[in-house]
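What follows is chain A paired twice: with chain B in the first complex and chain C in the second.
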Partner chain A sequence: MAASPEVENLVEDASKTRSREVATRVLLAGSALLVLAVPFLGASPFFITLLTEALIFGIWAMSLDLLVGYTGLVSFGHAASFGFATYAAGIFAMNISADFFLSTIVAIAAAAAVAFLTGLVVTRLSGIAFAILTLCICQVLFQISVVWRSFTGGLDGLIGVPLPTLFGREVEPGEEFYLLTAATLIVCYLLLRRVVESPFGKTLLAIRANEDRAAAIGIDVRRHKLVILILSWMTGGVAGTLFVFLKAGANPMSLYWIESGNILAITILGGIGTLFGPIIGSIGFIFIRDQVTTMYRAWQFSFGLAFVLAVLFMPSGIAGIAERIWRRLWPARS
Partner chain B sequence: MFVNSLNGIIYGSFLALTSLGLSLVFGLGRVVNFAHGVLYALGGYFFIIFLPSLGWGAMVFAPLVVVPLAIAMEWLTIAPIRNRDEIYTLLVTFGLSFMITGAIEYLWGTETTLIKPPVIFQGTVDILGNQFPVYRLFASALSLLVTGLVFVFIQFTAVGLKIRAITDDNEMAEALGINTRWLLTSIFGGAAGFAAFAGALGAPIFSVEPEMGMGIIIDSFLAVILGGLGHLPGTAVGAFIVALAKSIGGGYIAEWAIAVLFLVVAAIMVLRPRGVFGRGRIA
Partner chain C sequence: MAGAFVVEGLHKSFGALHAVNDVSLDIEAGQVHALIGPNGAGKTTLFNCITGFLRPDAGKVSLNGSDVTHLPSHKLVKTGIVRTFQITQVFGELSARENVELAARSREGYNFDFFRKASACIEAREDAEESLEVVGLIEKAHLRPEELGHGDKRVLEVAIGLALNPEVLLLDEPTAGMSRTETERIARLVRQIAERTSVLLVEHDTEVVLSISDKITVMTQGRVIAQGPPEQISQDPQVQDAYLGAVEVEED
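Coming up: the complex of A and B.
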């Protein structure tokens, strides 16, 4: 993607005032506290479960933001990272150990391995060729998950994944699992924030702005792309692990192209290059979908329409608009 | 092996038709039309809708309905973002495929429809001891003929010359007074018509269902990438590589066809990132 207004949001604004920075931190800390406090505010079990799913999607959407927003690599097959991890974590939990940390590590390692292998091919590409090839890889994984019945359960998927355990104690579904998910989301957010604000993250922005020029000033573009691809898949793997424990099973539909489309649309609608925006997008998506699908058959049509309109008229997403308002509230003093 | 190869060639001739349109539109306007697959699907659906009343004339009529739809689509969604990066066209048309697949399921349900070929083509012929449906051979010959005509059109007519000029150097062509805007819209419509025709022609072979566009778009994209983005002869060759890898690979290891296909594509991409002729673009 060429340099556009949204790049301005990414590059450190020289005129950013101290007060706005403090206010942003207060806002982020406040939202983190609010997310952690939800179970104690008398929310219904149904609401908690739905919000758990939304936060899992938030982790997944952040992982896609690393590619789309920070490196300019638009992946059309990001369901692969998530879906593959649901199988890896699910099979491990069913057969060896349901320990949350162990399962997560296994899923992350498996995701990293696949990301490395596919990365050897896809990091040669960018733009459209990258988009299409990632889509194809995801379709291959989908096909494998359907065909390899003895290992993946075919179209039925994995059924009967046990509850996760944490330090030898079973995590109760509902509030406890929600808190585990929320804590994971916050940890992931803080870690990824560090990554995108590091010199490595700034180098990614340079690649995003112009790959050829980045290469010309001596950046090893392919290696950077490979590292961020692996990191993105690992983060997607965390989301996949949580998801398989939430649903107590894995399903090949997690690898389907529609799922890749959903997460890409969520990330773009939420606002790419912000990490925070995709989380907002996920919460909006999960709750609106829940309300709408039960009474309205044309959900897929409407969602496609919303996506088209967003790409045409609102490419910086919800977070882009929110950021503009935020800047009004805390104007830079000259 | 022989039957698999023959089926591969038949599928390849359909794929050549759809991927050619994709490649043309990309070469002309740097538009990556993900919705090409759903236009193919719409061709199949309009065909079975018109079939009871129009008979086999529906095969011509279905594309005629899809063309104006596609032109409207181009006007409303692709023209406004022509100055943005080309990845946006992929995003917009991806959203459009969501919409149209959703609309198809909403209007006509999710079931699969398989129709019989016309009576005169219902028999089978004996090829080297294998019984082969006549309609498959006929349909494949027809789509090869149309593909050939597209090539002749581009190579030997004045409009074709303009198309090649734009593909080669857009700004220079505009400076010479070619109306690229108008040409892109008409080629977009034309490509959609060919995709819809392929969908209608293939209905008795591949059946009609809401997701049919998705399978063909992935294979078409692979064909276009293999041939080198925007390189037409490469695209046609790519279509046959994809189809043969799928059908021959599938013949040996049944349901793993798509994995075999991907390995072939990945190998070619690593060895020849600019496509089989080494003349396409890499990004």
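Coming up: the complex of A and C.
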């Protein structure tokens, strides 16, 4: 008996998706290897440092993607997660221990605590109200970092954060620190990939699509928002920790609203709801900023213009376009 | 399993407007209870009060004897009180199957599972398939809502509801905007699912209501004006005036 066309379609669909999935895995593994291989390909120290910063931004942008892309919560104050962690990790490293794991854990825990406390309020909101309140919270943290001089160093920030140590050994700036950053990025990506594909992650999609409908199938919307906010801040905290070691210091400007705007634009340009896109967006941003700032001063203007054009003409971001091409490369099995 | 569901003296007002005014109704296990009334009669407000989307000013809702009045909607679902929406609100980016699986996983308590793959929840998969089978959507399970016809989308809402294993299923105008044949399909489906769950149904199509309900409650301006089995309701002069208008009831 011949299978019905419907069933045939299903089978074809499944094998098509399967081969694309395999190809995607190969591509991701290849990218990961390439990222890890950069120092061995004769890249200049300057390039390595720039790429380190880009990958740190990549972790941070992924953390924002959890909110914007996966849950539909647009935060205008995501510098808070990052900047707060730079201080937490920096102060810990200067006073207690520069162990990378310990500092990261402290920064993650501190970020989680702030996310929990602010989350009790912000998770009641969505849309514009959520955006504005997150912006306010970030500004409050910024003001604290400027005013509380004895603790934060005021406008000068923290200066002289030591090099991080790993298993008792100092991580040298440059290639070693780059490899640490790249490895952290890969671990974060894999963990978050897992989370967004889990039942929890799918539940977030439901909340993004329609909060009332989500509640009507038994989803505790507020609790989910709170958990994803904490997870997002924790990931941002990882980025902040790496950043404070990269710069050997923390600065209030990491908490400034412009940084919140930059990271939001990076995430959207890269492609929300993909995790991968924001990493691409970060690399693009850091390198273009480096090139353009030396050429002319109004570079923020050109970045803003690029952002507006992107939102108008490629709302799914760089990753969205890449995905469309990728799907074309792996069409139905011939 | 079908449950016994009671609403007693429910009130909800918005300022001076009594949207729901002292409404009581009870549904015996396995019954289909229809709620009818002209637009603005307060039917959807009543639904929202029952399902935790609005907080009633007074009154009590209970399921199998236990008070569930002030539970938030997501907890209410766990007790077995499940609703669908008047305007189709399925998740557009997910296929029909994934829409139903989401509900099944939610019921089975996977909402806070971070590390399993969503597609690896076998039990939820099977439950979703069963729901889709019941409503007759299994052949179209891989399609996304936008690829489904209007009737199928409404039916998908019902499948999502069924996957939550309701004791009482509240259907808010399941036949809204449907053709004659599609309406009949829903009517049959409602009768069929009443074997496993009690049903409270808001419906405009009087013919459907009279043919499938065990009991009917008629509301106008927030109040219940009549309540009883279809034969009684269709004879009620007050109801005929207020709502049924010139509709003739066929008798054999």
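As a working rule, the second predicted complex is superposed on the first by the 315 of 334 C-alpha atoms of A that agree within 3 Å, B and C clash if a C-alpha of one lies under 4 Å from a C-alpha of the other, contacts with A are read in each partner's own complex, and residues count from 1 in each chain.
Methods note: a contact is a pair of C-beta atoms (placed from the backbone, for glycine too) under 8 Å apart; a residue touches a chain by one contact, two chains touch by 3 or more.
Since the model is a prediction, treat every value here as computed from it, not as a measurement.
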Clash or fit: chain B and chain C on chain A?
fit
Considering only the touch criterion stated at the top, classify A:V195 as touching first (chain B), second (chain C), both, or neither.
second
In the overlay, answer first, second, both or neither for which of chain B and chain C A:H224 touches.
second
Partner touching more residues of chain A, whether chain B or chain C
B
Output check: A:G304 vs chain B and chain C. Expected answer is one of first, second, both, neither. What do you get?
first
Does the superposition put A:N210 against chain B (first), chain C (second), both, or neither?
second
Applying the touch criterion given at the start, work out whether A:V114 contacts chain B, chain C, both or neither, answering first, second, both or neither.
neither
Considering only C-alpha atoms, give the closest distance between chain B and chain C in the superposition, rounded to the nearest Å.
12
Residue overlap on chain A between the chain B interface and the chain C interface none
Quick one: in the complex, what on chain A touches chain B?
1-2, 4, 74, 76, 120-121, 124-133, 135-137, 139-140, 143-144, 146-147, 211, 257-258, 261, 264-265, 268, 297-305, 307-308, 311-312, 315
Which residues of chain C touch chain A in their complex?
51-53, 72-75, 77-78, 82-85, 89-94, 98, 102-103, 105-107, 110-119, 121, 139, 142, 160, 164
Sort out for me which residues of chain B touch chain A in the complex.
32, 77, 80-81, 84-88, 90-92, 94-103, 105-106, 214, 218, 221-222, 225, 229, 255-256, 258-259, 262, 265-266, 269-270, 273, 282-283
Counting only contacts in the complex, chain A reaches chain C at residues 6, 9-10, 13, 194-195, 197-203, 205-206, 209-210, 212-213, 215-221, 224, 227
